[in-house]
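Order of writing sets the labels: A, B, C and D. Residues in every chain begin at 1.
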Amino acid sequence: MTLLADLLSSVFERRFKTSSLLKRDGRSLDELANDLISASGEMSGLSLGQEILTRFQQLEDEEKLAFFHHLATSMNIDPETVRNTLDAYEQEPSQKTYRAFMHASEPDRQELIRRLNRLPGATEDLVRMRADLLRLGRKDPELKALDLDFQHLFQSWFNRGFLVLRPISWESPAHILEKIIAYEAVHAIDSWDDLRRRLEPADRRCFAFFHPSMPDEPLIFVEVALTKGVPSSIQALLREDREALAEEEADTAVFYSISNCQAGLASISFGNSLIKQVVSDLSMELGTLKTFVTLSPIPGLTRWLAEAGLEVRSGTDDSDQIRSLAAYYLLNAKRFNGLPFDPVARFHLGNGAIVHAVHAEADTSEKGKSQSLGAMVNYLYDLKSVSQNHEAFATKAEVISSGDVKSLASNAAKAKNSGKAV
Amino acid sequence: MTLLADLLSSVFERRFKTSSLLKRDGRSLDELANDLISASGEMSGLSLGQEILTRFQQLEDEEKLAFFHHLATSMNIDPETVRNTLDAYEQEPSQKTYRAFMHASEPDRQELIRRLNRLPGATEDLVRMRADLLRLGRKDPELKALDLDFQHLFQSWFNRGFLVLRPISWESPAHILEKIIAYEAVHAIDSWDDLRRRLEPADRRCFAFFHPSMPDEPLIFVEVALTKGVPSSIQALLREDREALAEEEADTAVFYSISNCQAGLASISFGNSLIKQVVSDLSMELGTLKTFVTLSPIPGLTRWLAEAGLEVRSGTDDSDQIRSLAAYYLLNAKRFNGLPFDPVARFHLGNGAIVHAVHAEADTSEKGKSQSLGAMVNYLYDLKSVSQNHEAFATKAEVISSGDVKSLASNAAKAKNSGKAV
Amino acid sequence: MTLLADLLSSVFERRFKTSSLLKRDGRSLDELANDLISASGEMSGLSLGQEILTRFQQLEDEEKLAFFHHLATSMNIDPETVRNTLDAYEQEPSQKTYRAFMHASEPDRQELIRRLNRLPGATEDLVRMRADLLRLGRKDPELKALDLDFQHLFQSWFNRGFLVLRPISWESPAHILEKIIAYEAVHAIDSWDDLRRRLEPADRRCFAFFHPSMPDEPLIFVEVALTKGVPSSIQALLREDREALAEEEADTAVFYSISNCQAGLASISFGNSLIKQVVSDLSMELGTLKTFVTLSPIPGLTRWLAEAGLEVRSGTDDSDQIRSLAAYYLLNAKRFNGLPFDPVARFHLGNGAIVHAVHAEADTSEKGKSQSLGAMVNYLYDLKSVSQNHEAFATKAEVISSGDVKSLASNAAKAKNSGKAV
Amino acid sequence: MTLLADLLSSVFERRFKTSSLLKRDGRSLDELANDLISASGEMSGLSLGQEILTRFQQLEDEEKLAFFHHLATSMNIDPETVRNTLDAYEQEPSQKTYRAFMHASEPDRQELIRRLNRLPGATEDLVRMRADLLRLGRKDPELKALDLDFQHLFQSWFNRGFLVLRPISWESPAHILEKIIAYEAVHAIDSWDDLRRRLEPADRRCFAFFHPSMPDEPLIFVEVALTKGVPSSIQALLREDREALAEEEADTAVFYSISNCQAGLASISFGNSLIKQVVSDLSMELGTLKTFVTLSPIPGLTRWLAEAGLEVRSGTDDSDQIRSLAAYYLLNAKRFNGLPFDPVARFHLGNGAIVHAVHAEADTSEKGKSQSLGAMVNYLYDLKSVSQNHEAFATKAEVISSGDVKSLASNAAKAKNSGKAV
């Protein structure tokens, strides 16, 4: 049996969960949380923790909000104590004074969350708890502060060194696969047959990150197509009746869909590691692969065009015009902070990819037409330059692109400047 | 392949490690650490982190000390900033002001350690780094404060919910077993044959806790003998030529040795979970087991007798006398804080066990004779009362014991009070 | 990696297969087979074998038949040689003369099949080859003789000691689960959702036998429902909106569907081992289970009633009447050889089960109504009496049943004898 | 859990074994065997089988011999029945007449062995039973005939398609590794430390064949050293204090020890597959490997020199002289059937290897000195020519060698012919 199987099948865990569910406890959830913080015994801590997690899941939204407010206020730092312990530490820095300061400057709710996490299976519950918090507490400054505590702990628990990359295939367990179907966010998977078409052929791959404490829950996954040459249409790539390529004939790996699975892990970044790891693994496995690109949506294009008051002329040269606009948008449309307007662009450029090529009539679905006039983009991952691209982007917000894309963009710029509707 | 196998065999990891080892870097270790803290890119962070971990391992003790001092001082909190951000937060509590306070009140070295931990295999390196810190920084208040940061993070990473209990058997991998030989701290394992005698027979068991990021390193392990009745001699229990008991004939499980494996995880407590988990698992597996006891050393007895000015009379009734003294010691010898003087007693009583029986001539080895006049003790784990015992001990330092042990102890008390040498 | 994973992922195997597919070979399939029989080198044997297996799969039915005839005639025993070697052996029994006789009395085609089986993955191909033989050679005495050679070898390769029982669950690989959907022969599985309803709930189980050389192909599987009391309706058992029972509340395990998966393994019996093994495993896992029954169709009932000229009166007491008839049929309807007319009855009684209860309106599907007037039967597996029941059935064709079923059957007998339409 | 783990840990199996061991049975072993042959029920067959296997293991050699004689005589074919069924088949070939002939021409003892093999774990018992037979029945023609039946079945059960190649490493289970120590037949492994030196360094490999029904028992294994250039001394290769080579620097894989593990599988050949599979796997794993050779003993050299009346002159040119003699011996010394005199040469040449180089002072151990004057030989496996070499050897007993070896041999021939002592 594997470590993980041990973890899961632990008889203790099941007995424990069951028995604790049967017990009634007169205390309120807030009281239970207070008691858990002050409990000295690990054993009683486990029962309290289980009771809290179980009860929380059964709460209505309003009750959940009330519980979050309890954490945010009653379990907050006490400024006075922080100041006093800080003074004492400054006066005489020692293990004792430092411990007192550490304790004072960290709110009790962090310790509460850590203690809850001691229970088998609790990590998943806590991720769901944060998803609730994000959903319910969007506008409340106190709850947004509380979320920083969750984020702080999750960043530590879900750090890259603890994550595991696993291939997802048609031989993967069904209970994992049904989550792939559910979580696919870019190009929806209609059915188990559709799923099989994305996993089983020799020229398809899928990889996901997992955390050892949540072995049944993918955190993020990427779908890959192996192709000859860089593809320019998602519908062509996913056509039902296409013939699979023998894997040794492929020269290109295309990342055509990346989906985050856990709302409760928002802004805990590991997506950039995913692609780089997959590029590295695939190039070891298949020596024939030379090019690693995405085939990505341009979700902000139409919206930006509208905001910018630009309009697309209909006519025979639609395609060229759309490609130029898309290239211009990707290279020049910026947010207040100088970063690209397009969220997908921010993700891949932030990873060290470059804007490689732009295609019209690349996504002819309703969604594709409406968000980007059917345009899509290839971001290119070149392991040799990825660090340096990343650095340029991170420090100077520099967007690197191919010559092709540059000329397309400058066409649009000229057209724009010449006053023509573009 | 399992999640963990993926983790380990990761091609990326190996390539990465190798290539980074070949690179030279002119910066000092302190500079590298500073750069890692300010690095924005994850990719460059990984190279920096690898460089730091690799270099650290090759340092002499003095250089390690210097590096620890760098962390302790240059990466410490800045009291002024803490005060300012605290004021700002108090004035207007918001996500932004709270984030600033959180950032200020946590020393950069914590973030450094977290970033180092992103590397595959880094957790093990960091545990070793803390072992160095504990070894080298015993007396230095700054380094003892620094250790609290390690402790804080390890408590979070090695929390019970992330640990996995695995049986260790003669079918376990040799590279794990050689660590069991190396780490056994109570009754040394002489050879592979000796090890086999502790693992292979039907009436022997061994269990260890592992962390998913250190799958080749046991954290703590316990050796178990299945017996008929409660044993009173470790030599009898481990006799080379004994006949193994059929497991269904056993009514008692004896925990005769518990060893912590990682110096770098000192005071990160998970030992108490271990025994309770094993009791629970064994009682599910073997319905015939009724009693769960230890056969434990009494490491502090001789020393305490000497300090207390008590002396053992030689004579025919040695055994009775030694048992009485041992019982008296276990129930009455206390530290300044009211807890038992004996460290092993503190561990098991803290887990909710009780002092069940005391035996003379139970450990006739040199070590046994010298530390406890050959006496040993059984602590009894009764799952029904373990929580309540624990609570009594944790809150009132109450030591619970069997009637037998109580009368033995009161004999000693009477003898002592009557002025007789005991 | 496991032994089996090694087996499957063997790089050698894949390379080997690919390369051999690209090679042309001018020889006919019959010639290749002849050459394989006379090949001395193992290496050339492997190429020849691969070529034969690959080519065979691409043949039209007529060509396959021709190949089977080649095996049946050109690779048959030579009676003269058998007689001569037998004489020699009888005259002087020695290793040499015995070897000559063994060789002469076994047709070359057996050695051919064994040599083909040396290739990785060949076992599956050979099972499919026999499926073709059974389909195409039904009426040809030569081919029926040839089938005995396949049967002889398969009996040896698929003997119980080589088979492995594995639970099938919603966590099983999708490529195995799709085969469960495809092979279910008793109560069809409509969709992946339907499959999930049979695997995921706490009160459902499924087990299959596998052969180590065909790890992706279940050989036979049984679906199990855990219930309170013995069920009397398959529709109630499989109702979509039912509530799952907690597994510890169940007292009965119901085998409601058993499906053979491989046409090419017809009459290679391992089904009886399956149920007994599952009874044994389940009773170890869940101590609360007291009763092990089937809920089985009575496929031959309507047909037999028609042949027997019996007719069911419509009316208010339909149910009683149908139960009596079914009971009568199960206990008394026999084939020429004295064994029960009903094939499902033969299977379970042959395993040592008894006829436990008979239900009307138990299968209200079209198929159920048409084959058995909606009646179903519970066969009871009582491990204590299963051997002895089996012996009675095997030696004396004795059908053992409960008192209830006996009285039902005798009602029918009386009605029949009293001349009433039953 | 894996298929194999299921197989092993099967609760049923254990219970079954235990219970059957407690039962007494008045019947003799011969009677039990007779009853097993005539048993119709599988269930009773299993108990009988278990009883036979258990009892057999406890027999003294004489009793085992008696049992073998029972199988050899009472369970032999009946020539009369063979003749009659053959006549009937010849007259009217049908499934029925063929079945009768098949049954008659196969002795009952084969069916007995097959039925015994239905028990979990029985394959291993039967392999041991044959080891007993080979040991005890060497000179008895009846028992040598009986052995052909074992051989016939084992050839089918242990065919290449069922075997699994597994790497053996320092991470392999200890209970497997202790068998490697025990079975090493060429260069003895002294201790666990010695074993570690052969498994753990980056430039060492070990591979073994396993059968799925005997997952704890290696069948044959090969030890491999990765080197730069072809080695010429076994002591240098195994030196304790050598530095391990980084695996990517190696250009040569050296098979320096091949050991058969199971006496009961004598003459069931799978050794040739082993090396070819390992060559194939290693060349996939490490692209830098260009040469695959053995470093093999020449066990027959001294003996043959003595028989040939040749004598080694002592003197300064010992080494050259010994190399010439060894080369001459390998190319020219033949058995009555034209195959090489040297058994190791027969094995590797039969696999398609060639005689590549001959070294003096290559094995300076006592054994090496005494069996081959310290000489060793490299056989070269070149995948491109291995089939063709094999064919030449198998059909024409042609020994292919390098130019070097040829000239060495011709030097010896000249010396010999010129009448000089060589």
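Heads up, the rule we're going with is that a contact is a pair of C-beta atoms (placed from the backbone, for glycine too) under 8 Å apart; a residue touches a chain by one contact, two chains touch by 3 or more.
Being a predicted model, the structure only gives us computed values, none of them experimental.
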{"item": "Given chain B and chain C, the chains that contact each of them", "value": "A, D"}
{"item": "Most distant chain from chain D, judged by the mean position of its C-alpha atoms", "value": "A"}
{"item": "Centroid distance [mean C-alpha coordinates] between chain D and chain B, Å", "value": "48"}
{"item": "Between chain D and chain C, distance of the C-alpha-averaged centres to the nearest whole Å", "value": "36"}
{"item": "Interchain centroid distance [CA atoms averaged], chain A/chain D, Å", "value": "55"}
{"item": "For chain D, residues contacting two or more additional chains", "value": "5"}
{"item": "Residues of chain D defined as touching chain B within the complex", "value": "170-175, 177, 192, 196, 200"}
{"item": "Contact footprint of chain D on chain C as seen in their complex", "value": "1-7, 10-12, 15, 40-44, 47, 77, 79, 82-83, 86, 89-90, 93-95, 98-99, 101-102, 105-106, 114, 117-123, 141-142, 144-145, 147-148, 152-153, 155-157, 159-162, 164-166, 210, 212-213, 215, 269, 272-273, 276-277, 280-281, 284, 352, 386-387, 390-391, 394-395"}
